[in-house]
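We just call them A, B, C, D, E and F in the order they show up, numbering each chain from 1.
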Amino acid sequence: MSTALERGRELTQKLNPDLERILDDRYGALLPDFAEGLIEWAYGRHYARPGLDLKTRQLCTIAALTALGGQTGPQLKINIEHTLAAGASRTEIVEAIWQMAVYGGLPAAINGLNAAMDVFAADDNAAT
Amino acid sequence: MSTALERGRELTQKLNPDLERILDDRYGALLPDFAEGLIEWAYGRHYARPGLDLKTRQLCTIAALTALGGQTGPQLKINIEHTLAAGASRTEIVEAIWQMAVYGGLPAAINGLNAAMDVFAADDNAAT
Amino acid sequence: MSTALERGRELTQKLNPDLERILDDRYGALLPDFAEGLIEWAYGRHYARPGLDLKTRQLCTIAALTALGGQTGPQLKINIEHTLAAGASRTEIVEAIWQMAVYGGLPAAINGLNAAMDVFAADDNAAT
Amino acid sequence: MSTALERGRELTQKLNPDLERILDDRYGALLPDFAEGLIEWAYGRHYARPGLDLKTRQLCTIAALTALGGQTGPQLKINIEHTLAAGASRTEIVEAIWQMAVYGGLPAAINGLNAAMDVFAADDNAAT
Amino acid sequence: MSTALERGRELTQKLNPDLERILDDRYGALLPDFAEGLIEWAYGRHYARPGLDLKTRQLCTIAALTALGGQTGPQLKINIEHTLAAGASRTEIVEAIWQMAVYGGLPAAINGLNAAMDVFAADDNAAT
Amino acid sequence: MSTALERGRELTQKLNPDLERILDDRYGALLPDFAEGLIEWAYGRHYARPGLDLKTRQLCTIAALTALGGQTGPQLKINIEHTLAAGASRTEIVEAIWQMAVYGGLPAAINGLNAAMDVFAADDNAAT
């Protein structure tokens, strides 16, 4: 059986092939094994697991980042891109965010919607 | 088109038919419209919406309550029951919880697993 | 008796008459009933209730948004405007924020003070 | 002008005359100046300030502790007692808590209501 | 160079030699690689790192769990034990907790002190 | 024995001699005793205490601000400067932040690393 690091690398190859290199370029001088550890833990030990399909995993992540609220910005946007890449529609993403008004409160949900609108607008601009 | 309150009542009839009465018995003396408002908002304005299936909505809720951590206990357990009622397997629920170790930290994920184990054990006892 | 949506609309007419339209302009394409649901829940089911006067309700909101910290920015600023509109003085608002240093910690309180100073400065500029 | 510690002691004499002694009995062996520092900071530097009346300050505290959610239990209950002592009615307290459903989410508000119901029931029992 | 899993196992051998087995006994039926993943990530990828001594790492963990507040209970207690095992005094632990009153607010700090007092009392009982 | 305010002023003289004046310039018009209260509480009642050395106290603060996540920005940066002033190396600071990935989740840790990189880059620029 492959190691968690190998499973994580295999999955990020599909979702976002430059991810490990981008992370290493940015954080490698401070923390030489940052990118490797993140891929091993987040992708190898979590997203690559059987038992729940990747699209639902990504929607769960979006819901949680929305509800957590405070650290929503950049990580939520990256995960909205990954969730689109995993096959979710924009509507499914918006619904997962808006539902969090019940659990994390209205301000958290509204901040999440703003992040989604920014991602969708950037994607539309990039497509034209 | 039906109102949000009507849509919420229709959905809770399926998920947990006694919910509005249980809430009103407990909180009605303090807040006469508590149960009605909760059904209208959480179920009518969120869970009953089209665009994302109920099972995925419930898994998103479990992920968010796990990541929020501090207020996890009773509401997470009720939502684990609702998520089973919406057709999710125990494995899917456990996976949605465990993935939150990446976003809410290990303590939040472990508390979520403990809640799930309590619910599963209670269901197994009730079944025998 | 009027519905929650009607009570919410009646109150926002006084506090911020353009609110539903502004929200619908911004979020209606994504979520057609977003503005209606927000007015129904936040204003109809909460702010419009008897039992606690509107000014105190608004000061409670400012305290809570300050203590929550992470998602403070835009929603706290809007609620500072609503709290002034409900009759609170700048001093009362500043006091409600600063007291949160005890419960949410100094960083949350300082971020809240910064938000209040931004709102007061913008209002002073608009008045000249 | 009196020091913050003196102002804090003067106020706690009215709200809860045994507070400093109770805190010192419990925490003094670990932290000899714990009780003194808490009275100085929370009561002398915050609750004793002019600019916002004590009852509104206490309602703001209840709102914030409800919205923060995770650490709600014991501190929220003590502050509900202090808020009653500052002249608020049970209805005003319940309203400040329930409004937090908008900002901290439904689970936080429900946990807050449960805390209030426990305090009211204990007071009713003590009164009979 | 050893893998993160190997480094984590080497460290937990010193801190708490039964940890992986205890975790696997409790969570292995739900998540067969839970204990292995936790050891790899928390101990192999973090606590076993050079650059900051173990005792300071543990005091940082205690500070953070105190400030996070809501999920403090069981994980904070385990980490207080680990921090004693890493050579910190009870005074150093209490100081790290109490300082969090500045950042996470008084309720979080008080809950942390309560957890420490429970651990110290249990250790004293076990020693007699 | 000196008062908490005197002890706080003595310590800030060493760490950041302009701090009280800077705080008073910014917040004194709103809250005349803001700077004095902050120095008394944070520095006099916490950082100036015996029992835990200042460098470790500062690393604990950095860990907690990272884990809290949402209000990390400006306060974390000021505390990174104070932690360098207390004798910690950049590596020790980065390690205290990165370890928080275990407790506050990856997004919180990554936001903390970004704050540290900003401070280090600004210091390097100022040094040239």
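By definition in this document, a residue touches a chain if its C-beta (ideal position, glycine included) is under 8 Å from a C-beta of that chain, and two chains touch if they have at least 3 such contacts.
Being a predicted model, the structure only gives us computed values, none of them experimental.
Trainee: Identify the chains in contact with subunit B as well as subunit C, in label order.
Mentor: In this structure, the chains that contact subunit C and also subunit B are A, D, E, F.
Trainee: Since subunit C and subunit E are copies that touch, is their contact same (over half of the numbers shared) or different (under half)?
Mentor: Here the answer is same, because the shared fraction of interface numbers exceeds one half.
Trainee: Among all other chains, pick the one whose mean CA position is farthest from the mean CA position of subunit F.
Mentor: B
Trainee: With contacts counted as defined, which of the two, A-F or B-F, has more C-beta pairs across the interface?
Mentor: Counting C-beta pairs in contact, A-F comes out ahead.
Trainee: Taking mean CA positions as centres, which chain lies farthest from subunit E?
Mentor: For subunit E, the chain whose C-alpha mean is farthest off is C.
Trainee: Can you work out the whole-Å distance between the CA centroids of subunit B and subunit E?
Mentor: About 31 Å, centre to centre.
Trainee: Return the distance between the CA-based centres of subunit C and subunit D, expressed in whole Å.
Mentor: Inter-chain centre distance comes to 23 Å.
Trainee: Suppose each chain is reduced to the average of its Cα coordinates; what separation in Å results between subunit A and subunit E?
Mentor: Centre separation, subunit A to subunit E: 28 Å.
Trainee: Can you give the whole-Å distance between the Cα centres of subunit A and subunit D?
Mentor: Taking the mean C-alpha position of each chain, the two centres sit 40 Å apart.
Trainee: Two or more other chains touching the same residue: where does that happen in subunit D?
Mentor: 41-42, 65, 67-71, 94, 98, 101-108
Trainee: Contact residues on subunit B for subunit D in the complex?
Mentor: These residues of subunit B touch subunit D: 27, 30-31, 34, 38, 41-42, 65, 68-71, 74-75.
Trainee: Inside the complex, what are the residues of subunit D that reach subunit C?
Mentor: Touching subunit C: residues 41-42, 46-47, 49, 51-52, 56-57, 59-68, 91-92, 94-96, 98-104 of subunit D.
Trainee: Quick one: which bits of subunit D touch subunit A in the complex? Just the residue numbers, please.
Mentor: Result: residues 67, 101-108 of subunit D touch subunit A.
Trainee: Which part of subunit F faces subunit D closely enough to touch in the complex?
Mentor: Listed in rising order, the residues are 3-4, 33, 37, 40-41, 45.
Trainee: Which subunit D residues qualify as touching subunit B in the complex?
Mentor: Residue list for subunit D touching subunit B: 68-72, 94, 98, 105-108, 110-111, 113, 116-117.
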